[in-house]
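Below you'll find the structure I mean.
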Amino acid sequence: MLTGQLIAAVTTRGSGASRVIERDLLVTRNNLMVFVSGFVEPVFYLFAIDVGLGRLVGDVTGPDGGPVSYAAFAAPALLAASAMNGAVYESTFGIFFKMRWGKLYDAMLATPLTPTDVALGEIGWSQLRGLAYACAFMTVMVVMGLVASPWAVLAIPAAILMGFAFGAVGMAVATFMRSWVDLDMVNLALLPLFLFSATFYPLDVYPRSLQMLTQLSPLYHGVALIRSLTLGTIGPGLLLHVAFLAAMAVVGGIVASRRLHEQLLP
Amino acid sequence: MVARGLTKRFGELTAVDAIDFDVHTGEVFGFLGPNGAGKTSTMRMIGAVSPLTGGTLQVLDRDPATDGAEIRARLGVVPQENTVDEELSVTDNLYIYGRYFGMPRAQVRRRIPELLEFAQLTDRADDKVTVLSGGMKRRLVIARALINTPSMVLLDEPTTGLDPQARHLVWDRLHELTRQGVTLLLTTHYMDEAEQLCDRLVVMSDATIVAEGSPRELIATYAGREVLEVRFPPGHRYAGWTGLDGIGSRREVLADRVIIYGDDAEQLTSAVTHSGVEVASMLVRRASLEDVFLRLTGRRLIE
Amino acid sequence: MTGALRVLEGQLVAYRRTWRGSVITTFINPVLFLSAMGLGLGSLVDRGARLGSLSYLAFYASGLLAAQAMQTGVGDAAFPVMAGFKWSKTYHTALATPIAIRDLVFGHATFILLRVTLAAVAFALVAAIFGAFAVTAALTAVPVVVLCGLAYALPVMAFTASREHESALIAVFRFGLVPMFLLSGTFFPLDQLPGWLQAMATLVPLWHAIELVRALTLDAASALPWAAHVGYLTLWLVVGALLAPRMFRRRLVA
C-alpha cells in the first residue's frame, strides 16, 4: 500500500521534472550549434596538453607513485574541472537568469508543476548535458590513448556525481545572489579551485602546508577520484572522495530546495 | 469559490486583511483598486502559488494548501507581467505550456491552431516571441492560459500598457470566453474595463474590501444617477470654499474640479449657477464606476 | 570626438558600480595564474630544461601578457556590445540623443583600451614581482599588448553588431578564442606543433603579439621584423575600425 503510494509519488514527480527537461531540450534544439560546439572545446584542450605541455613536462608522479605521461595525468583533471564548471555555471548563472530575469519559473509554477518538479528537472537536464559532455571527453581520451584501465568507465558516473555535488551547492549559492555583480564572486571562487586542486601537477609540487589546504578543495576530490579511475590505481581511499562529494550534494541540495521554496512561493 | 477571512502577510506588511467574498461559476468577477491594494496577492493565493497566512479559501471546491496541483490543473493564469519563454517561438511557447500541464503531445498540437486563431497570432506562429509587440505578447499569454481548457481563468491586469485597439481586442476575446461558460477573475485599475467586463466586483483599498456588488449596484449606492463636474477659472481653486455646500447629495473636491452627485443634473446645474461661485465650465454626465472608485479610494489619491 | 568621450563617460559611470570586483580580479588573476602555472607547473618543466636556459615562468608570463589582452578585448567586445543592442538597449537610448554611431563605436573602443591597459600594467607589475622579467622591459611591452587587445576588439565589435543571436558569440569563443589561446605559443613553443598548424598560427594576431612581447621582455629574436608584426596587428585594428561603424549603423538604423 505504502509502496504503491511511494511509486505513484515518484512517477508523478518524475513526469513533472521530465516536462521541465522537455522545455530545455526545445531550447537546445533551437541553439543546437552552441550545444554541439561544447564537444569541440575539450578536443582543443586535450590536443594542447598532449602535443604541447606534455612534451615540455615529460612524465610526472602518478597517484600510485609510479611515473605517468603528463597528458594521461592532466586529462582526467580537465574532465573533472569541466564537470565542475558545467554544473556551477548552469546552476548559478543559468538559474539566476531564469529566476530573476526570465520569470520562467513563475510561468511553470502557475501550472500543476511544483518547485520540486522544477528543481529536479533543472538538475536532471544539467546532468544529461554533463553526461553527454563526459562521454565525449572520455571518447577523445580513449582515442588519444590517455586511458590506462577499464576502471575508466566509472569516471563517467564519477563526473555525474561531481555534477550533483557542484550543481547542488551552486544552486544554493544562486538563491543568495542579488545581482550580476555577485556572479563575479562565483568566478573569483572557481579560478583558484581550478588552478590549485592538483589539476595540472601532482600534490608534491606544493609546500606541505598547501597540500593540506588542497585537500579541502572539493575539486581536488573530484580530480583525485577521476584520475585514479582512468589510470587504474584503485583503492579504498577512493571511497573517501566519493563520500566528500556525496556530502556536498546532500547538504547543497537541502539548502537549495529550502531556499527555492521560500523564494518561488512567497 | 469561497474566501473567508482571507489574509496574507509578508513580515510586518499586511497585503490582504481578512477579506470575504464568493465567486459563482460562470461569472466575471473583478477586483478593482489602486496599486498596492492587495489585488495581486489575492490572485496569487487563489492561483495556489502563495500560501495563506490566515482564513480559509476554497477554489473549485478544493483547498489550495493541500490540492494546489489539482487546482492549478484546472486554472488558467494570466500574470501581470508577460512571463513568456523568450527562447522559444510562439508555437513552442504554447506547446511546452501544455506539456507542463501533462497534456499528451498530440492533444497539445491539436489545440495550438485553435489558440493561435483565438489570439489572432496564426501568421506569427513560428516567430520568436522577442519580436512580438506588447499587445501580441499579451494575447499569447492569454491564449497560453487557455491551453488546458480551464474552468476558471485568473487575469491580473489583463490590459495594462496596451493601446486602445489591443485592449478592445482582448476584451472581445474575454467576452467570447464567458460565452463558453468559463469563470473569469480579473484585477484592474481601469474603471471602463471593470464596467465592460464584470458581472460583479469588489473594490479593494488598503488590503480590505470596501464595497461589493454589480457595477450598476455600486454606482447606484455610492454615486447616484447623475454627476455634475464643475471647473473653475485659471488660478481659482475651490479648496476651503463653502459656496457649493448643500448642493446635490454629495460633493468630491479634487485638485482641479469639484464633482457633485445627485439624481437630477438640471437641478444641480441651476443650483450651482445661483450659488454665485465663479465657474469656468460645467459638464453633466452619467455616474460611472470611476465615481465609485474615487469616493471609496479617492481621498488618498489627492493627498 | 566629444560624443565618443560622453559614451566613454557613460561606460565609466556604469563601471563605478562594478569596478571593485574587476580591479580585484585584475590583480588576483595574474597572481593565481603565475603561481599555479608559472611556478607550479614551471617547476616540472624546468626539471627537463626543454626551454634551454629560459625559465617556464618567463616564457609563460610573456605569452599570457598578450593572451590576456586578447581575452579582455574579445570579452568586452562581445557580450557587452550585444547587450547594448539587445538586452539593456543602451545604444538605442544613446542614439535618441546627439550621440552619433561613430561615437558609440569609438567610445566603447576607448573604454576597452583603458581596460586592456590597466590589465596589462597590472599583469606586468605582478610578473615582475614574480621575477619573470624586468619591470621596465615589461612596461615597454604594454603598448604592444594594448595594440593586440584592440586588434581583436574592433573586429569582434563589428562581428557582434552583425549577429542577431548570442550563440554566434559563443561560437567565436569556442572555435576562435580557445584554439588561439591554446595553440598560438602562450603555453608552449610553436615548433612542437605539426607544420600546417604552425603555418596557421602565423595568421593569428596573438602569435604576432607574443613574438613582439617575448622580443621586448626576454630579448628573444622575433620570427619576423618588428615592423611586420606591428603592421599585421595594425591591419586587423584598421579593418575592424572601418567595419564596426558600418555594422553598428546597419543594426541600429536600417
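Every chain is named by a letter (A, B and C) in the order it is written, and numbering of its residues begins at 1.
Just so we're on the same page, a contact is a pair of C-beta atoms (placed from the backbone, for glycine too) under 8 Å apart; a residue touches a chain by one contact, two chains touch by 3 or more.
Everything numeric here is computed off the predicted structure, so don't read it as measured data.
Undergrad: Can you list every chain in contact with both chain A and chain B?
TA: The common neighbours do not exist; no chain touches both.
Undergrad: Can you tell me which chain is nearest the middle of the complex, judged by mean CA position?
TA: Centroid comparison flags A as closest.
Undergrad: Of all the other chains, whose mean CA position lies farthest from chain C?
TA: Of all chains, B has its centre farthest from that of chain C.
Undergrad: Please tell me the distance, in whole Å, between the geometric centres of chain A and chain B computed from their C-alpha atoms.
TA: Once rounded, the distance between the two centres reads 47 Å.
Undergrad: Quick one: chain A and chain C, Cα centre-to-centre, how many Å?
TA: Measuring from centre to centre gives 29 Å for this pair.
Undergrad: If you average the CA atoms of chain B and of chain C, how far apart do the two points sit, in angstrom?
TA: The mean C-alpha positions of chain B and chain C differ by 54 Å.
Undergrad: Where in chain A do residues touch two or more other chains at once?
TA: Answer for chain A, listing residues that touch two or more other chains: 31.
Undergrad: Multi-chain contacts in chain C: which residues touch at least two other chains?
TA: As it turns out, chain C has no residue touching two or more other chains.
Undergrad: Could you list the positions in chain B whose residues touch two or more of the other chains?
TA: As it turns out, chain B has no residue touching two or more other chains.
Undergrad: What part of chain C is in contact with chain A in the complex they form?
TA: 17-18, 21-22, 24-25, 28-29, 32-33, 36-37, 40-41, 43-45, 47-48, 50-51, 56, 165, 167, 170-171, 174-175, 178-179, 182-183, 187-188, 192-194
Undergrad: Under the touch definition given earlier, write down the residues of chain A that touch chain B in their complex.
TA: Interface residues on chain A, with respect to chain B: 15-16, 19, 22-23, 26-27, 30-31, 102-104, 106-114, 265-266.
Undergrad: Quick one: in the complex, what on chain A touches chain C?
TA: 31, 33-34, 37-38, 40-41, 44-45, 47-48, 51-53, 55-58, 60, 70, 181, 184-185, 187-188, 191-192, 195-196, 200-201, 205-206
Undergrad: Quick check: in the complex, which residue numbers of chain B touch chain A?
TA: These residues of chain B touch chain A: 10, 47, 49-51, 68-70, 72-73, 75, 77, 79, 81, 83-89, 92, 95-97, 99-102, 148.
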